[in-house]
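In what comes next, subunit A is part of two complexes: it sits with subunit B in the first one and with subunit C in the second one.
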Partner chain A sequence: MRRLEVLVCSGTACLSSGSEAVKRALLEAISAHGIADEVRIVETGCMGPCELGPVMLVYPEGTFYVKVRPEDAEEIVVEHFLKGRPVQRLLWAEGAPAPREIPFFARQKKVVLANCGIIDPEEIEEYIAAGGYEALGKALTEMSPDEVIEEIKRSGLRGRGGAGFPTGVKWELVRKAPGSEKYVICNADEGDPGAFMDRAILEGDPHAVLEGMAIAAYAVGAKRGYIYVRAEYPLAIQRLKRAISQAREYGLLGDDIFESGFSFDVELRMGAGAFVCGEETALIASIEGRRGEPRPRPPYPAQSGLWGKPTLINNVETFANVRHIILKGADWFSSLGTQTSKGTKVFALAGQVKNTGLVEVPMGITLRELIFEVGGGVPEGRKFKAVQIGGPSGGCLPEELLDVPVDYESLREHGAIMGSGGVIVLDDSACMVNVAKFFLQFTADESCGKCTPCRVGTQMMLEILNRITEGEGTEEDLARLEELAQLVKSASLCGLGQTAPNPVLSTLRYFRDEYLAHIRDKACPAGVCPALIHYEIDPELCRGCDACRRACPTGAIQGTPGKPPYTLDQSRCIRCGACLAACPFGAIARLPGRKE
Partner chain B sequence: MEKLEIVRRFPRKRDQLLAILHELQRANPRNYLTGEDLRLVAEYLDLPLSAVHDAVTFYSMFSLVPRGKHIIRLCDSPPCHLAGAWSLLSALKEELGIDVGQTTEDGLFTLELTSCLGVCGVAPAMMIDDEVYGNLTPERLKEILARYREEG
Partner chain C sequence: MITLTIDGQRVEAEEGQTILEAAKAAGIRIPTLCHLEGLSPRGSCRLCLVEVKNWNGKLVPACATPAQDGMEVVASSERLRNLRRMILELLFAERNHICAICPSNGHCELQDLACELGMDVVHFPYRFPGLKVDASHQRFVYDPNRCVLCGRCVRACSEVEGAMTLGFSGRGVYTLVEADLGGPWGASETCTGCGKCVQACPTGALVERGKATAEQEKRPQLVAEVTERRPRVQD
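The block that comes next holds the complex of A and B.
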């Protein structure tokens, strides 16, 4: 046992802000001071607060450092590791409280993420030391497949990929499906903009996913499993590969696991940049080496999946929950959450919120608690406007609905969905029409083109939204938009199209005034849509520095250096905002509405 | 020949198609798949050439035209967009002198847009090959590109 354990976050987000260099600098500094055998440095998965990266935790006391630079290593080693005085300027919270006393962590309940940021994901021994593969052992040696399924059913676990289908019921369907050849697939094709929990789990605790898959395979009667990961996640792929080969070495994958006679092995498959492959039938087509296009259901994969065989397909976070249910029991799991949504959910906080990053909370927490208590609210000086939840299939909810509990039913009732758990916080600088347009643009781009309602319908909706943001929309357009939305929802082949209109419908429901301002007043209230804004120079504040005139690409600004105020010719202005960015005195304002 | 060796490392099963294509593309210094690659894979997996072409054109990460040594993928998803990815796009275009989908004259960079990279906590972000860069600013962008240019 070493005197100090230093956990350095090595999730993709912290790596992108330089955690690798911080780790190297720390290693050098502890060697230079001769305490290399007293301090152990561990690279872990995501700790959560990505915005503050690179982050690190020093145990036993649990000192949480944020925004650490390689140059800080020397001071941390000398002051903290040698003299026992934490470096104040790098602490997240004053007085170096333990992580659970920091508000960001205090409201969280870490089940799925319990190992993330604590263990070294590249060493199977650490996972095992933390109770890893105990659940698999228990399932294989003490439980029958039916008992495993019963436990999962009783727990109330529902699919974490978005639709929320009861996991145990799905397992039972696959178990009962006729045929001796069955498959288990882990859907790791996380693609919802703003969602990154699956990446974090795969990078931070890959064995938890493998263990969940193995238990599922035992329950449904499969011998082979596939993990389909998107190619945009190279680090997750690398850690999974390592985890799979270590699990094989330890006999936790392969033949006759725990001498139970049960054999199971996992292969990795990589996507190649197609969002629609997150849809289960498209994903199966992609694994088979074909275009990742969805097909009509039924038959569901439980009946006819990979190569026409009964196939269980669950999401990463769903599998990561399994071992906890087997070990701690269905009653424990169902004691967390609400009547219909049990357990915890991992959310990815992004957008205009102070603590962006990854959090895990009990189901049923309100949006307000999630965004303001855990997330710390919107940054100073800005005002909360809406929360986009559920990605491109989800919706935007306004401030009035902040007290809605986060569970599958409540969110759906209000026009959003749980989705994979992406939460994008929008402040008053966001134009809701533009946000809707942006999400629809995404689904229109990612539509595979197989069915007409999705391929053409999303395009037609997009044309209308474009017209509105250009100031050419009419009030009849809104009715047409709603009509089209209903059509795309009801007639599309797969979930991508069936949910694509949600961002438009929810903004029409809660932010109709903003649409009307674009149409009637030809003004974008948030000052975002270039066709519906104008710029003005405040003669009181202008100092005649000439910066705006030089920045203007169209010569719309006139003036003589040193002789304020400058003037702006609206007819030549293309509303690019270059002058606003250039003005050092805040004399240029962007205002809603056109001005000829 | 080298390409055949790459292909032969994989079992002759259709579900290896994407993996083989990824490897062939990676082995090409210009990051793309040639007609010869497609024929080779079709023959190896005993598939019609049209089936291989069909798959290649479906997935956005495969290219049938030569690209740069380094592929820059700027994230264009809502969280990055809200955090100012659009201004980075113009900075990138200006710095590289190319538009999205084009390759610099020196053959060093190709500029592409990508859907979410899953690092929204450090938006705006981009990937260069397998490396992720977050909290981007136009200044940081210049530094990063300079490093790649130095290394060639």
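The block that comes next holds the complex of A and C.
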């Protein structure tokens, strides 16, 4: 008799921290102890706290284990599975075995991720058992396409790819566009640094996306769909392929679905890793086999998209919301969130935050709640400095703005954007000029090169930032930087260029003093930019152990073992920090500013 | 017929015409670079950006945006002049545009635009990328250091000649025009040597071999003449 279900997270993060080996060790241990038919081991999608992987959940009581190693399997099986005593040392917090008692989970509201980490994404039966394809059945057999669109419109769902265009309105535009041949495209070309929401959905609940696409296709009158997914997501591709073939077997994709006369099928297209292909017109060009370059809009894809036909293009998370709206109704969905931003949003928490990972929260939650309650705040000993939200198109918001609610309008008003959901927390060890430079480097590299402002403008901005971080910047540069940022923002062809200056503009707005310190004082206050820092040996603390001298690659440190203090020749120092890392006595300090 | 206003002037246009075409018919000048009559619009150089008042002041490329009834277009203003001049400065600074040593000196669209827009100084440091010149072709030379990536050659090659020899490679500031997906142009198996790319090129990036500066005057209108004589296939 089966009495235990063990859900082992098999998202990309847990797999790379070794969940596959944990699963194998568990399987071996349960058969060694003769309870193989009492315990079922299920591989699921992402459970959220990626930092603590591999993670697993034991049902029926819901014990949540973190950082499980293969060698823990024996103890878990003997103590927990046989004797019924959860292994305390592997719990997240002692005495808090179940997810609902852990703040990370308690503050979340899982809609899109409801199945993620619960069901086996490789088995369509599990999805169906969890209510899967019911919404498609309801739409096809009980609702007209116009009713489906009306329901989506009333729900207030907005595009989760970042721009926040009302989904129902988009669907209506495609439905009303003349022409009998139409297409539905799922944009799964997630490319923001530090963002992995779409990957987790595709890996953890691929059928939810297929079901959303099928409902959308029915609503707009399309027979064919494409999922454009980046080739860097091999697991997502593998699970999607499996999901598509299973759905075809069950007649949930293909001809005459639910005997309604409606036919729809989906094809995968792999992107070759160009960030710009997340822009809808570039994505369409890429599917058509052309160079991934955006084109001016209008005409919008709703009028003239794939192969010149009306095309609906939505993001992964947008499609994953659809089934819930159809089943539970627009009123239920619009009861979540704020006046203008309804429902929930999945975020990828990354950077200097305790609980990095995947979270889903209701719209309107404040940044403070998101970072400090769900995310657990910055690690001990450091201080929160800023949050970078919205990826390379987003902005950096300072501590004063932590009480801003997370919704499309509030974030935009303060110079950031919702974006696709990347949240990077920065602590006081981050140099904001360097952060801006990092993101601009990314967009300048990823600019397709088609339009002048984005191609050359981002490069010129980058060169100014390089000068500033190398201590060669002037205050005139700052004015030029702002001027260029406004040009790139207003004159670029597509969203990539139009939003690329945001990290620069927001750091100039909230952290201008750091730019000025780099320019006027030739000092990097956070001690990050190598040209604007120096190292010093504290003669009181130096014990003459010789470790620093041996670590120094340029021979800048002089001294005789056992005869402290050692000395540092600033003219030969390249400020690599090797001495600081080598010193066992804390005698070397990194200080802002140059020293000749 | 549809009616719109450009700089306050009432302009009539045919359904499907672009803002640029409507402006041209009404004798209103909008600067362009990547646009060339006879080729599909690309909207990439951004010099023809105009402001549409009733689209919340959105900036759109006149060459690629269909004129619509009731549209209020601003085609010249202080803001647009500054914007265009700055874009032009970026184009000059991007590669190696030194007129005095260029075979197209005196009949170069980039140079003409600089005069028209009053760009007498480039505020950005020149990048001087030092790109390799391709002089392998029997009749033509491609100097990417003088290229503004307008794509007129690429479009003339595929849309008019149908050879599809030229295309873009790389991205961002590293974008290049290349023949047959890379390799020397002279070794191209698809190039017909028709020279439309050279005639379409607005700068000295594509020039004819063995011709002096004074002989390098190009005939970009050739592209439109060729396409006019031939009925266009409608899709």
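Methods note: the second predicted complex is superposed on the first by the 593 of 596 C-alpha atoms of A that agree within 3 Å, B and C clash if a C-alpha of one lies under 4 Å from a C-alpha of the other, contacts with A are read in each partner's own complex, and residues count from 1 in each chain.
By our rule, a contact is a pair of C-beta atoms (placed from the backbone, for glycine too) under 8 Å apart; a residue touches a chain by one contact, two chains touch by 3 or more.
Because the structure is a prediction, the values reported are computed rather than measured.
Q: Looking at the overlay, what does A:186 touch: subunit B (first), subunit C (second), both, or neither?
A: neither
Q: Once chain A of both complexes is superposed, is A:430 in touch with subunit B (first), subunit C (second), both, or neither?
A: It touches subunit B, and subunit C stays clear.
Q: Under the stated touch criterion, which partner chain does A:274 make contact with: subunit B (first), subunit C (second), both, or neither?
A: Once the two structures are laid over each other on A, A:274 reaches both partners.
Q: Taking the superposition as given, does A:291 touch the first partner, subunit B, the second, subunit C, both, or neither?
A: Both subunit B and subunit C are touched by A:291.
Q: Given the touch rule stated above, what does A:483 touch, subunit B (first), subunit C (second), both, or neither?
A: Second partner only.
Q: Is A:556 touching the first partner subunit B, the second partner subunit C, both, or neither of them?
A: neither
Q: Which residues form the common part of the subunit A surface touched by subunit B and by subunit C?
A: Shared contact residues on subunit A (touching subunit B in one complex, subunit C in the other): 274, 291, 446, 448.
Q: Using the touch rule from the top, collect the residues of subunit B that touch subunit A in their complex.
A: 13-19, 21-22, 45, 51, 54-55, 58-62, 73, 77-79, 81-83, 114-123, 125, 127, 130, 132-135
Q: State the interface residues of subunit A toward subunit C in the complex, per the touch definition above.
A: Listed in rising order, the residues are 274, 276, 291, 295-296, 298-299, 308, 444-453, 455-460, 463, 480, 483-484, 487, 490-493.
Q: Show me the residue ranges of subunit C that touch subunit A in the complex, using the header's touch definition.
A: Against subunit A, the touching part of subunit C is residues 41-47, 49, 59-61, 64-66, 83, 86-87, 90-91, 93-94, 123-125, 127, 148-149, 151, 167-168, 170-175, 235.
Q: Along subunit A, where are the residues that touch subunit B in the complex?
A: Touch residues, subunit A against subunit B: 12-13, 15-17, 49-51, 53, 190-196, 198-199, 231-234, 269-275, 286-293, 348-352, 356-358, 388, 422, 424, 426, 430, 435, 438-439, 442, 446, 448.
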